[in-house]
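Got some structures for you, see below.
You will see two complexes here that share chain A, one where it goes with chain B and one where it goes with chain C.
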Partner chain A sequence: MTTTLAPYLAFARIAFLQILAYRLRYFTGIITYLVNVTVYYFIWKAIYRGDTVIQGFNFPQMITYVAVGWIIRTFYYNNVDREIANDIQQGHIAGKLTRPVSYQWMQISQAAGESLFRLMMFTVPTGAVILLIYPVQAPRSVSSSGAFLISLLFAFVIFAAINFLIGICAVYLQSVLGLIRAKYFLIELLSGLVIPINFFPDSLVRWSQWLPFQHISYMPLMIYMGKVGGKELASVLLVECAWALALLLAGKWFWHVARLKLIVQGG
Partner chain B sequence: MSLIEVRNLSKIFKTFDRKEGVWGGIQNLFVRQYRDLKAVDAISFSIDQGEMVGYIGANGAGKSTTIKMLTGILVPTSGAIKVGGYIPFRDRNSYTRTIGVVFGQRTQLWWDIAVVESFQLLKKIYNVSDKDYQERLETFDQVLNLKRLLHTPVRKLSLGQRMRCDLAASLLHNPMILFLDEPTIGLDVVAKENVRQFLRRVNQELKVTVLLTTHDLSDIEELCRRIMIIDKGRLLFDGALAELRERLACKSQVLLELKEPGKVNPAALGLNSDIEFKQLDEMRCQFIFDKRIVPSAELIKIVVNSLPVRDVVLEDTTIEEIVREIYSRGGIE
Partner chain C sequence: MRHLSILIHYFSQYLKARLEYKGDLLIAVFTSFSATVASFGFLYILFHRVSSLQGWKFEELIFIYGFSLTCLGFFNVLSLNLYEFGERYIMEGRFDQVLLRPLHSLFQILFEAFRIESLQEVLTGLVALGYAGWKLRLQPTVIEVFLFPLMVVCGVVIYLSIFIILTSVSFWFEDRIGIIPPVYNMIPFGRYPTTIYNVFLQFLLSWIIPFAFASFYPTTLFLDRREFQPYFYLVPLVAAVSGTMALLVWNRGVKSYQSTGN
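Presenting the complex of A and B:
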């Protein structure tokens, strides 16, 4: 087990080091996230004027939802799709395929290394600044914060696995930039980052239950706030785990098929 | 049984013809006319353990595609490859442990971090023990002078330095076979020599089988006894370099530029009768000769001493010319 895991830990480590070379980018990132939270703060403030509760959220809860949503996004976010598309279009994939490791796990462990870096250098400082400025509520209970952390791990895996699937499309498409952008906005919306999913029309809420996206942002936040608990909590975590596994397997299968069609450009 | 066995190997890429213009662009969206491009066309060869083989051909001849199939990156369209008992594409995971690969055009080291970090990663990937790792690094250092490069980020290395590091990286796990795709491309004379010297030692002392592609005939001359020539996906020649030389007169040429316009009388120079002469125009003429019969220095000496010469250019046979020669003869025989 140690010998099979060791290469992937090494990939995570090297991704961490690689980002360290670009650390400056992250300090500007903190400001971007701060601005985002500020914008949503004032939007929701305007919406809540007069109303005390909308769809089960009062104003402090809504601010918590928005702020924590953006803070955790610094952790689960990655650019695996872009990395893969780049590998395929620039032909770097050739060198990577000469290594005795799974390409999928190589990408995901690199994303994990990146996320670990973000957690330390980005999530924590951004979180601290946001907590100082805005009235963010603490997690509902000890158990909900534990479950929240577990669901965050699933959010990372689900996000990375979706990105892997999108990236592999580059084998078939000349350019995947459009697809990557479309996915970006789709996930911002359907993950519940912008608006809590129960604010959507009923039909969309129903659909959303059968999609993996709500487990990236909405469900972890509902767990954080204690709106999902008890028996429901266990089943939500189970569904998240199932989605993570299913998407990983789908990626494995898709890559297996796409590799037959792979053309390596240049060199 | 040979280490590398290739039988009737082909790779066909599907490409489509793009129509031009706005209307053409719209048509492209809906109707595509696919065309088969035979990158590698039914080639067969075998390579024994310990051999060092040069694989040459012009750009787009199919060299890289062959290498990519041999290394398990691309799946063959048809035909069979067996390397050390493995089928490269199918057995990629276990097979790649036994080979080393270097692409001259792009590094496999991590760009923004120190070289040693990439080495450490490879050590983990291939599960190399600390002792072996140190020993190998020591051995490579003797020829490649790696030690002072190890703590430099890859992006700050020169092309030659980077290639030295890439070579070492490809051998850290002690592979049976080393595949090199254009290892000397873009290198200066000193760096080229360094790479060649290293490859010679790897082949002779570490007994690694080497297959290298190149544009540069001098790589082959210095390193390989055996060469394979590929053009338009077909194997044109497979044998000893000396044999190729013998079968094809390898002609070199000297181009002369005269100081003043005039007609040169070759007979007056008293040259060997095997030397072909052509007056290109009033100012320039050309001698085509076989280096094995007439050393170029001798020819140049005679010419410079007896003619009003402004400039002399000596050109050796290029791979392109050899390939053209093979074609014009309708094959090698």
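Presenting the complex of A and C:
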């Protein structure tokens, strides 16, 4: 077990160290996330009057939803899609394929290294700044915070697995950057980051229950706020786990098919 | 005149190259359109549950959105090389080539490559403007009809200037800070009436990174919001000042450019 895991731990460690070289980026990142939260704060403030409740959210709850949503994004986010697309288009992939490791797990463990870095150098300071400025409510209970942390892990895996799938599309597409950009905006919306899923029109809510995206942001946040609990909580966590596995398997299969079509020009 | 004909040549050459891969261009247009639809999703969903944003109706916000998208579309068509400038031109030393040609370097950088699929945004923006204008029963005066294209040009100039200044940073520093994407992601925030924000954000979006002058303020005359009239008439001035600043910073950067060899 340790020998099979060892190379992947090394990939995670190297990713961690590589990002250390770009740590300056995270300073601007903190400001960006703060600005994001601030803008949505004012948009919601312009909407809420007194003690209005919209779709089960009062104003303090909405601010908590927005703030925690952006804070956790600092953790689960990664650029695996871009890196894979780069590997494929620049031809670096040729060298990486000669390694006796799974390309998918290499990318996922690099993403894990990246997320660990982000957790320490990005999530903590961003969270501290946002919590100082905005009135963010604590998790509903001890059990909801525990479940929240578990759902965050699933959010990370689901996000990374989707990025892996998108990155592989570079085998077939010349301009994969457009696809990456579209995915970026679609996930911002469909994950519930910019607006809670239950604000969606009913038909879209029903659709979204059959999609993995709501498990990236909306569900972890609903768990955090105690809006999902009890029996429902267990089933939500199970569905998240199932999505994580399904998307990893889909990635494995897609890579298996796509590598046969891979044409490397130089490298 | 010479510049115009060179521009047309640049564009037709690039178009020919892109049309070699028709399927790919089609997918690029489709994904670009999906991104546009998703970025519009927030407003649509929000107004599914609420009826107004501090007295602003859905259609008014769509009008602002459409205007901003039209300008942004033109900007996106032209800005392709700005994003890759640090890496492609400075680090790889390609800028030497540019300097050897008897044409202003910025002109070459902007017009050597185009994000053609972003013309979709221009079209979508105009459709959104048309829809909102029709729903709001706007009756533009003759002067407004003439002012509209001028405002679009100003918006494009403002977007370009901001990002030219940010790109110029790579003449002095390797872009380790990655300042462009976070600023780019702030563009949508200029699409809301500035009055919903606090003084700090209003100041930031108007005078530091003047996105509001490329999206919100230019629409206020057409939307009959008289209280913003001074800002509306300042739009051309802001465009002229930021354009001049961008050109000055760029030229300064070119002067201190040191080739990495090629």
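Keep in mind that, in the parts below, the second predicted complex is superposed on the first by the 264 of 267 C-alpha atoms of A that agree within 3 Å, B and C clash if a C-alpha of one lies under 4 Å from a C-alpha of the other, contacts with A are read in each partner's own complex, and residues count from 1 in each chain.
What we mean here is this: a contact is a pair of C-beta atoms (placed from the backbone, for glycine too) under 8 Å apart; a residue touches a chain by one contact, two chains touch by 3 or more.
This is a predicted model, so every value here is computed, not measured.
Novice: Regarding the shared-chain residue A:9, is it in contact with chain B (first), chain C (second), both, or neither?
Specialist: Only chain B is touched by A:9; chain C is not.
Novice: Quick check on the superposed pair: does A:94 touch chain B, chain C, both, or neither? Answer first, second, both or neither.
Specialist: first
Novice: Where does A:22 make contact in the superposed view: on chain B (first), on chain C (second), on both, or on neither?
Specialist: In the superposition, A:22 contacts both chain B and chain C.
Novice: In the three-chain superposition, say which chain, chain B or chain C, touches more residues of chain A.
Specialist: C
Novice: Scan A:46 for contacts with chain B and chain C and give back first, second, both or neither.
Specialist: In the superposed model, A:46 contacts chain C only, not chain B.
Novice: For chain A, what residues appear in both contact lists, the one with chain B and the one with chain C?
Specialist: Correct list for chain A: 21-22.
Novice: Residues of chain B touching chain A in their complex?
Specialist: 13, 64, 68, 71-75, 92-97, 99, 101, 103-106, 108, 110-113, 117-118, 120-121, 124-127, 153, 181-182
Novice: Would you pull the chain C residues touching chain A in the complex into a rising list?
Specialist: 21, 24-25, 27-28, 31-32, 34-35, 38-39, 41-42, 45-46, 48-50, 53-54, 117, 176-179, 182, 185-186, 189, 192, 196-198, 201
Novice: For chain A, which residues are in contact with chain B within the complex?
Specialist: Within the complex, chain A contacts chain B at residues 3, 6-7, 9-11, 13-14, 17-18, 21-22, 91-102, 259-260, 262-264, 266-267.
Novice: Contact residues on chain A for chain C in the complex?
Specialist: Those in contact with chain C are residues 21-22, 24-25, 27-29, 31-32, 35-36, 38-39, 42-43, 45-47, 54-55, 173-175, 178-179, 181-182, 184-186, 188-190, 194-195, 199-201, 204.
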